[in-house]
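You will see two complexes here that share chain A, one where it goes with chain B and one where it goes with chain C.
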Partner chain A sequence: MPLLKIDGKEIEIKSGTTVLQAAEANGIEIPYYCYHPALEIVGSCRMCLVQVEGMPKLQVSCNTFVGDVPPERKVDGKYDMVVDTQNDLVVQERKNILEFLLLNHPLDCPVCDQAGECYLQDYSFKFGNAHSRFDEAKRVRPNEYLGSQIVINHNRCILCSRCVRFTQEISGTSELFVEARGYNSKIAALEDKPLDNLLAGNVADICPVGALLSTDYIHKNRIWNLKEQPSVCQDCSVGCNVDVFSQRDQILRLTPRENHDVNGYFMCDIGRYGFHRFEEIERVTQPMVRNGESFDALNWDKAIEKTADLIKKSNGKTAGIVSPFHTNESNFLLGLMMNGVLGSLPPITKKEITYQSGFRISADRSPNRRGMNNICGEIVADLPSEIKAQAIHGLYILDDGVDRESDDVWKEILAKMDFVVVQTYAMTALARSANIILPGLAPFEREGTITNDRDRVQWLRSSLPKKGESRADWEILMMVMKALDKEEQTFADVGQVIKVMGEKFPAYKGLSFFRLGPHGMSLNGKASG
Partner chain B sequence: MKSNGKLKQRFTFSDPERVEQIFSQYSDKKSATLPLLHLAQSQEGYISNSVIENIADLVDCHSAVVMDCVSFYTMLYTKPQGRHIIQVCQTLSCSLNGADALVDHVTDKYEIKPGETMANDRFTLMKVECLGSCGTAPVVQINKEYHEGLSTQKFDKLLESFE
Partner chain C sequence: MNTFKPVLTEYIDQQDCHTLPFYKRVGGYTALDKVLKMNPEDVTQEVKDSNLRGRGGAGFPTGVKWGFIPKDSNKPKYLINNADESEPGTFKDRLLMNKAPHQMLEGMVIAAYAIGCHTSFIYIRGEFYKEYKLLEKVVTEAYENNLLGDNILGSNYSLDVVIHRGAGAYICGEETGLIESLEGKRGWPRIKPPFPAIEGYLKSPTIVNNVETLSCLPHIVNRGAGWFKSIGPEKGPGPRLFCISGCVNNPGVFEEPMGVSLKELIFDRAGGIPDGKQLKAVFPGGSSSAILTANEAIDVMMDFEELVEKKSMLGSAGVIVMDETVNMVQACLNIARFYAHESCGQCTPCREGTAWLVKMLTRLVNGGGKPNDIDMLFEITDNIGGLIDFSKGSFGKTICPFGEAVAWPVRSFVEKFKGEFMEYLPQEKVVA
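Moving on to the complex of A and B:
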């Protein structure tokens, strides 16, 4: 293995590693813009210049590879390369590069959405000059839409071409290009092919400065006001890792969180903008009981008592219905409560979309169908005939807030029931038909695990506070269970539910939030069957 | 094919053999992009969207990549040009020797500013950077020919000879 000396530190690294990667892995900061680990190297921004011994000029560290050199060329008889990232020349060059990059920059950080997470700002502060010597008029260009959700502020763009390479290499859609050259260059989209693919939102994330902006977030808030919470997207069965940015009880934006076993660095726009759905939905925040055509509010104790009464009176003729949108724990608890569930709400499937880079949007648009099938193996395919066969006349449904058009089959099922209990966070068509509504949590409020379509279990952390009197779904199920005199099962938190679940399902044995960590764990097919 | 009342034709190369020959000179298709663009421009007079799509297909890449290349070079035109293209050098030697007067002359006489084309398509006027003939400044390139050491009178007579 080549021996690299960098800032006096001796490091053995794999041949073919770049100086930039080697530095990064060893806690030495080299500033960079055009380099992105998911994209081809272009070495165009010059921000990452370092001094390599024996080379007359500074070298771009992102495109300088360390390899074995023959013994007679080793520096000091042993180093394959000697690099200095801190000497006066490098320090001065960084100042110069930043001065160039800021020539036409409007210095409008106070109104820029990137401020607070902008590399132009950070590097200027750390490595730059306080003043520019440029006193000509700045080149000013108006903002433009590159696609329906992406705006470019040309004046802030440093032409690193990350966005262009993203469309060429990751989405493979190639809408963007660098127009013209030199002083006149700018990022452009083809007139008849705007940047409107389902991965477009990512360009705003990978833009190292405030040039590319998502219209969804523009001028909405300042990043330092927001709470950042790691979670998992629940809009398809891939389960991209995300960071949820929220203020009080409102989500402002989602950004992808790096996970090389799931989504790499990116996420799709279905998931990215999906949270707006919860803003439009009519929330249920209080237990309710039917009173003719409308509902009356009631307190939790009463609601649980009534629910338990109905189930008890039905003499085992109440069936549990789970959902591919709910967590493993909620589905599991319903099974425990009803001695097995009968069916599930219909999953949602659309076309699978796969991009050039392998990034995938699953055909299964429910986040936890795999987990549901693992844990509720007894789910029947033909629900109506099973209901008939078993003479079921009551349902306890874990509703998932997805407003499905109830088809005739479901309408018929509901019409036959003496009572329906719906545990939900939204006033769906299903909830409207209920006798009792128990208010649970919405997707980004929940805590628990989901299993993606490649058998990876991931941890959902609650990113938003509960609304009104709603309670965690596992807690509601536990309360009902207690009222049904299934006293032996009490759980202090959802972590305990996971433990008990693991005892019943070997594949899930030994799981805990601690073990799942931020990136989840693969079941390695242990759960199938 | 009519769309929006305008005649829209798909571009194809009129000399497929030449296209084949260009491809045979390179080991990868993409390298043929520039020569194909020149060939297309000599056939069409400019690079239309249809040219870009056609070439993108031929060299197996996206239109945006070809567009990136076209927009980089000032000698590839993305708009129709006049029958004759007047390129007046505006770099130092020519500038000192009266290139501005030549530009003004065309502007006054034919009512086109740099970058514009006459309504009857006779001339397109352009200012360009050094043509590499500084010793004989001022220099004007008309179509593919250089015309050196021009005075306004000589230039005027010269222009008359282009229909």
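Moving on to the complex of A and C:
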């Protein structure tokens, strides 16, 4: 392995690593704009210049590869490369580049959405000058829409071309290009093909400055007011890793979180803007019981008691409906509770999309079908006919939380039931047909594990506080089970549910928040179902 | 001194010199015939031995460049004839294409044969429409006469030549910018490494040679590397086309041996300065070379090494002459404006810096000079292109040499004609 000496530090690194990567991996900060690990190297921003011994001029560290050199060319007889990222020349050059980048920049940080997470701002503080020497008029251009969700502030753009390369290399849609030349260059979208692909939102994330902005988030808040929580997207079975930015009980935006086993650096716009669904939907925050056409509020004790009564009276003729939208723990507990018929509602599928870069949007728009199938024991394939065959007359439903109209088959089934208990967070069509509604948590409030369609178990952290009197879904199920005298054990948290789950389904044995970590863990095909 | 007989332009005054019959009559394509019976490696060696250096501007040894083509690569190899002549003050390739297109084509086939290329391109400047039409005819003629296409002159060697027109960008004369443009992309120079000889056109090994460079090849093959090396200085020998324009009586292209004196070029070949005016300054190698004052110019030899010593360069050998009436501040603005217009906009220093220079110089010319403007001009040019002092190690700050191409001439203007720039600054009030 080549031996690199960087700022006096000796580092052994893999041949073919760039100086920039080596520095980053070893805690040495080299500033850069145009480089992005997922995109082709262009080396145009000139921000990452470093001094390489033996080279007459400064080298861009993003395109300087360390490799084995023959013994006679080794520096000091042992180093394959010697790099200085801190000498006067490099320090001065960073100042120079930042000066150029800020010549026409409006310096409007106080009204810029990027402020607080802007590399122009951060590097200027760290490496730049305090004053401008530019005495001429600045170039001023109006903002433009590149697509329905992305707006560009040309005055802040530093032309790093990350966004252009993204549409060429990742989405493969090539809507963006650099228009005109030199000083007049600007990012533009094709006239007849605006930036409206399903990955468009990512360009705002990879923009290192405040040029590309998502219209969904623009001027809504300041980044330092928001709480940032790692989580997992629940809008399809890929399970992209995300960061949830929220203030109090409101999500402001989602951004992708790096995970090379799942989504790489990106996420799709379905997931990115998916959280707005929870704003529009009517939330259920209190246990309710049907009273004619409307519902009466109930306290938890009463609601649980009533539910247990109904199930007991049905003499084992209650079917459980698990949900691919819920966590493994909730589904597992429902399976445990129902030793009769267990099934699920018809799946929600759309077209599967795979981009040239390998990025995938799954056809299955539920996040946890794989997990549900893994940990519920037997799930009947044809629930409607099974209901008929077994003369089922009660249903306990873990609601998907997706507002969809039931088809005729299901309308008929629901009409025939003696009772329907729906555990849900939203007043869906299904909830409206219930006798008892038990208020659970919405997707970003839940905690537990989900398993994506490539067998990866990921930990879902609750990003938002629960609303009203709603309770964690596993907790509700635990309470019902107790009332049914089914389960003696009291679970203090999800972890304890997982413990029991692991005993029954060995693939899930030993899972914990710490073991899964931020990037989840593969089951390596050990789970059945 | 005047024993030199033109090589590349020997016949350009004669009628029909561009036609195939004429070219064949004066010995055309005999070099090709000879080459096709040689080993490609021997051809490369011959060119290496001749010390032929690129005529496009950088002056890189041609044979050495060919030698960078990987021997073990199974990818196709490409030869690109860089006919995108766009350096201000340079118009020699245009002459060669008009008057001796077959000489250039023969050079192309020789070069292609040497590097094992079977598809080759002529990337011709978009504005050269007449030349483009002529080259189309010439290439067709060559195909018809078995000088191109399959089994050239009965050998096993085949070569196709495709003519591609540029769309009018200076930067597409830079070899990687050219390759991008040829691939149908924006003419943004690529970051190196990899160099084109390893990964060029369509990520395959590619050699880009200038029209004049290629035109030299038939003569090297015919008369030998020794003959070529005997013309002019040994480190950069051969005949060279000098384009002389600006304040001279007789502007034009003159073929002279390398190392001819600039004085002779201006006062003898180009007929001196009109109306008995005094020489003020000269660009020795196109507008991207640092300007020389009259004193420097008068005893300089037009040779790669000597001009580097004078902190300028031979470049494309486009000599632009300025007489005493030229306002150097305005000339400087003119040059800066050209480069700001032609900057591709990829690298930060070049995109932003060139525009800054133009804004500042425009203000200066319009009477808005500020006391520290001259210091600022030095700083900005240094930040775009770096210092020309090679020992300091702080030159070349951009992907391609465009940064230097704007910084060096502008800096040289301010440095060498500081007095004129000072006149544009606010005059210090004399306290009585």
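As a working rule, the second predicted complex is superposed on the first by the 524 of 529 C-alpha atoms of A that agree within 3 Å, B and C clash if a C-alpha of one lies under 4 Å from a C-alpha of the other, contacts with A are read in each partner's own complex, and residues count from 1 in each chain.
What we mean here is this: a contact is a pair of C-beta atoms (placed from the backbone, for glycine too) under 8 Å apart; a residue touches a chain by one contact, two chains touch by 3 or more.
Values in this document were obtained by computation on a predicted structure and should not be read as measured data.
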item: Joint occupancy of chain A by chain B and chain C, clash or fit; value: clash
item: First (chain B), second (chain C), both or neither touched by A:V178; value: both
item: Touched partner set for A:S362, first chain B, second chain C, both or neither; value: neither
item: Partner chain in contact with A:L159 - chain B first, chain C second, else both or neither; value: second
item: Which of chain B and chain C A:L58 touches, first, second, both or neither; value: second
item: If touched residues of chain A are counted for chain B and for chain C, the larger one; value: C
item: Which of chain B and chain C A:T167 touches, first, second, both or neither; value: first
item: Touched partner set for A:D192, first chain B, second chain C, both or neither; value: first
item: Chain B versus chain C as contact partner of A:T424, first or second or both or neither; value: neither
item: Residues on chain A lying within both footprints (that of chain B and that of chain C); value: 177-178, 180-181
item: Parts of chain B lying in touch with chain A, wherever the complex brings them together; value: 49, 61-65, 67-68, 71-72
item: Complex contacts: residues of chain C adjacent to chain A; value: 169, 186, 188, 191, 193, 340-356, 359-360, 363, 370, 376, 383, 386, 390, 393-399
item: Contact set on chain A toward chain C in their complex; value: 41-47, 49, 56-58, 60, 63, 89, 93, 96-97, 99-101, 103-104, 133-137, 139, 158-159, 161, 177-178, 180-185
item: Complex interface listing, chain A residues touching chain B; value: 164, 167-168, 173-181, 188-193
